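Two complexes are shown next, each including chain A; its partner changes from chain B in the first to chain C in the second.
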Partner chain A sequence: MLTLLFDGVAYGMLLFVLSLGLAVTMGLMNFINLAHGAFAMAGGYVLVLLMQRHGWPFLACLPAAFVATALVGAALERTLYRPMYAKPHLDQVLFSIGLTFMAVAAVDFGMGSSQVNVQTPPWLQGRFELGSGELTLGMGRYRLFIVAVCVALALGLQAILAGTRFGSRLRAAVDDPRVAAGLGIPVDRVFLLTFAFGSGLAGLGGALGVDILGLDPSFPFKFMVYFLIVCAVGGTSSITGPLLAALVLGIADVFGKYYVPKLGGFIVYVLMIAILLWRPQGLFTRESRR
Partner chain B sequence: MSARDMSARLLAPARWRAWELALWAAIWATPFVVPQHAALINEIAILALFAVSLDIVLGYAGIVSLGHAAFFGAGAYGAALFAKHVMPDPFVGLAVGTVLGALLGVLTSPMIVRGTDLTRLMVTMGVALVLLELANKFDNITGGADGLQGVVTGPLFGAFEFDLAARTASFYSLAVLFIVFLALRRVVHSPFGVSLQALRDNRLRLASAGMSVNARLAAAYTVGAAVAGAAGALLAQTTGFASLDVLEFHRSADVMLALVIGGAGWLWGGLAGAIAFKVMHDVLSAFTPQYWTFWIGLFLVVLMLAGRERLLRPWTWFGRGAGGGGGR
Partner chain C sequence: MNKLIPALAMLAAVLATGPARAQSDPVKVGLILPMTGQQASTGRQIAAAVKLWVAQNGDKAGGRKVEVIIKDDGSVPDATRRLAQELVVNDKVVALAGFGITPSAMATAPIATQSKTPMVVMAAATSSITEASPYVVRTSFTLPQAAVALAEWANKNGVKKVVSLVADYGPGFDAEKYFTDRILLNSGQVLDKLRTPLRSPDFAPVLQKVRDAKPDALFVFLPSGQGAAFMKQFGERGLDKSGIRLIATGDVTDDDQLADMGDVALGVVNSHHYSAAHPSAANRKFVDAFQAANKFRPNFMAVGGYDGMRVIYKALDATKGAGGEALLNAMKGQIFESPRGQVLIDAQTRDIVQDMYIRKVEKKDGQLWNVEFDAVKAMKDPGKQK
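And now, the complex of A and B:
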């Protein structure tokens, strides 16, 4: 019972890191980026490549996955995404689906279509057991590691957004790009950095998730719905919204798959529709935005 | 501008043009000229019908939907189950599929009148996913992942059997497409259709002109759903098979692709897009069977980067691009 809860929390945390970048691009830049999963997949494959072909240690691969996808994200933002910001949502959706198609086919071509696995380092294998009987809490070390990383990330990001000059510039640029530009804020550069950072987070999440979510070329489509649910339900104007939404989704999914395996996805989707009908702007949005 | 000028301007696109008649003649000629490709013609006709239904929802009413497969799937399963358990007559089955699609559209239409583009995207996708899960769960009815087999459709008019070469099927699907096209052509040029386009372009203004926005959105959504249900029913009847595939996400994405290639916002867009998409699919997958999605994706990215303003005025775009038959 508690073990399941813990697994759900770990899963939710992972979803949070994966979707946070999407929440940033979607909420802060008002861009529906369905290609987000492709960045996560890229991060996962960077990890796999570095660990298996080049023998890098696991811990070194995580930052590498972050940096590599952030660079790719920056390059794409510069060249492809920027002209799309001003276009209607339908265009953005189709554009990013197109990108995802390309990414999926390219990875399929380069890496093969089968699922890949990585060997986590020995110190992350095994699990702790606390308590006994009904209330046993079994915590896989790897999941504990994920939770720790994600909590640290969430706290750090909240601090950056709320407390630094960059954070306030970003919020200003999002609220009104024209006025922000008039005040001398380099809006383009702020967006570029934000996009790169969001992609990097996706890459990091993808790398962390290889062991739990599995990784194959269909990854972007398989998890696209989950990312979107986190952002749509959590609202995109804060970090806490997606965090809570991701935790709820993770726990609901793990419990659903355990107790009613055949209805697992069903519950999640019905919940999502119900929440969106109730609060179309998401659960945790400030009313007056946009 | 006087009232007469205005009504003349609104009525002008409703007139049949020579090229439209010529195109329909050409379309009807294809199953006679190339009977060996009857199966492909059937597929294209079904995709075109599906794309036209999305056109009503997306191109005319401006509702961004990533879950249009929900209605397609409802129609397909409805027709298949009806043929299997009740009676095999194709026309009654088609009507059942259409009505099922329409019912589902009525039921879900309150969900799409609220919220932002993102919410609509998620809700439509969610509906399709819920149906997919349900179809998967109730595998004693739907056959689950194996699909629903043993669907036998009776002969058309009691005389023309649905054969393996799909000749009957191609005529049947083309006829349904043609009739629906004629009906929808009337709808989109009616005051209702014009008000839909006004709504798409400026919702606030239409509301302040005293028209009920939500009722119009719901009506358009239902019409689109019904036609999508008909398309699904056609697929189930002509292939004698229905599987979870009819509800999958890629079906919603494919039809949107087809529509966008053809240009949303005019009925020919669905037809042209379906032809272009299928031809592109066939050529590309003959060229690289496994990686054809890469080229579709590339095409989409380039199209989106290069030509939104052309998409808004597809007439100019298609005047050059594919006036001769919709192919690109």
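And now, the complex of A and C:
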């Protein structure tokens, strides 16, 4: 059971890294970016290409995936996304889902349809076993690595948000963009940097998740729903909201597949419906201002 | 009089070329494969094998030119049915072939019956497919063949408690039923029967369940293409060191992915109808030619496609290019040597009768191969004998 709990936590933290960019974009720019899954997929394929075609070591590919996806995100924000901010939500949805289809088709054409496999480095293979019998805690090294990276990210991001000037500008812009602009905060630049960072995080999550979630051109379609659920349940106005929501969902998913395999992946949806019926604004948001 | 002779000559010329023109019309074969999507590796292998057959045997059969039309159904059965309909009505194909997964074959069966077009199933493996239409001929294999052969081996080798893990669709049900029935018949125990979804399966929680059940052996069936992800999880969860033997149908140690699976696959005993390491002259020729034309090894899907083309060509030779009922009858009862071994297309069931090999994954020349060490000869489909 402890092993299951650990697996759920690892899965949840991966979901958190993947969904955080989406939550910030939705909260900050009020923009529903359904192409977020495509950024995650891009990060995953950057890792695969660098590792398999150019022989880069695993640890070097992770920051590379982050940077590459962040650059793509910045470029797209400046050119394609900016004119869409003022448009109604339906237009944003149609635009971003169209972008996703294009990305999926391009990757399918360029990389083929089958699942890609990455060989994780030997120091990340194997597991630690603590305890015995019912209370065995088996921690796969790779999952342990993911938990460590995500915890570090979460702490780092919280520090940035609370401790730096950029962080306070970001929080101001999230709270009320008009007043923030009136105070001289360059809201445009904050948006650009935040979107790039969020996309980069998605790319990093995609790269980390290749081993656990698998990677093929239909990745955005398979996992976009989970990211949206994390944002809906966790709210979009903090970091801890999506973090706790992702953990709850990850643990519920793993436990559900173990104890009630017939329901399998449906457990997540049941949980989401239950939580949203109880608190429609999400678990951790204050009353919505829009 | 002057005008009459040229006119008569022209008339004679037209009459003479008339029937000859009809004779040189190409005969078309519709090949419906999953070239994209989850089963893309199946499509890739079969397409390569068909191309190899045509390269080796020419594009003429029954005195006519054979044109193979490849269509991609992406493993979506509705698309398969629509493509089959278009091929039969628009292109007037003389035979349909391919069918990467069971649902695709089942969806096309009514069209084969209605249009009296023989349907050669080169990949799908559920027993009941040949009963869905009297026009279905199979050159792949059936899961009951593999499952029963493996269950017999398990019983002879001290495996008493098993857990079975299969994918949640037709061939998976066949594999689970026939394997567990045979184990129970030999007074073994089935501790649990687990299923994973056909699309995007998550092996982590289900492997944890296997670990907790502590059987002698874990029996696995997964569709071609999921084996590598499964083996990785199997190793990552420490199951290869936990004393639980992994036995499977050969789809899990698929030649297409075996080379990339790593040492965790060593020693896995599995049962299947084709191994790229099969030590016959015909197979060595096939594998060498295949690898020379493509960068990858042939797997059991490729052999199904290769033999399917052989069945179609020889049947066309017998009917001199005609289709319909005559072509179907020419396919029944064909007996020949395939790269996998001796093969017979049963005249009554239209299913394939072949040797089922028991193999173990071993390393030869630095690469992993399925090395055969035992066989059940001329195995008919157990699914038809119940």
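Note that in this section the second predicted complex is superposed on the first by the 287 of 290 C-alpha atoms of A that agree within 3 Å, B and C clash if a C-alpha of one lies under 4 Å from a C-alpha of the other, contacts with A are read in each partner's own complex, and residues count from 1 in each chain.
Here is the rule we use: a contact is a pair of C-beta atoms (placed from the backbone, for glycine too) under 8 Å apart; a residue touches a chain by one contact, two chains touch by 3 or more.
The structure presented is a predicted model; accordingly, all values stated were derived computationally and were not measured.
Q: With both complexes overlaid on chain A, does A:W123 touch chain B (first), chain C (second), both or neither?
A: Neither: A:W123 stays clear of chain B and chain C.
Q: Check the contacts made with chain A and report whether chain B or chain C touches more of its residues.
A: B
Q: Touching A:D108 in the superposition: chain B (first), chain C (second), both, neither?
A: After superposition on chain A, A:D108 lies in contact with both partners, chain B and chain C.
Q: Which holds for A:Y142: it touches chain B only (first), chain C only (second), both, or neither?
A: second
Q: Touching A:L228, do we find chain B (first), chain C (second), both, or neither?
A: The first partner, chain B, only.
Q: Give me the intersection of chain A's contacts with chain B and its contacts with chain C, in residue numbers.
A: 108, 113, 265
Q: Residue numbers of chain A touching chain C in their complex, please.
A: That would be residues 3-4, 7, 108, 112-115, 117, 119, 125-127, 129, 138, 140, 142, 211-212, 214, 216, 218, 222, 254-255, 257-258, 261, 264-265 of chain A.
Q: Quick check: in the complex, which residue numbers of chain A touch chain B?
A: Of all residues in chain A, those touching chain B are 26, 32, 80, 83-84, 87-91, 93-95, 97-106, 108-109, 113, 221, 225, 228-229, 231-232, 262-263, 265-266, 269-270, 272-273, 276-277, 280-281.
Q: Would you pull the chain B residues touching chain A in the complex into a rising list?
A: By the definition above, chain B touches chain A via 58, 64, 66, 111, 114-119, 121-123, 125-127, 129-130, 133-134, 136-137, 249-250, 253, 256-257, 260, 290-294, 296-301, 303-305, 308.
Q: Within their complex, state which residues of chain C touch chain A.
A: Per the stated touch rule, the residues are 35-38, 40-41, 194-195, 197, 200, 202, 204-206, 208-209, 225, 228-229, 232, 235-238, 260, 262.
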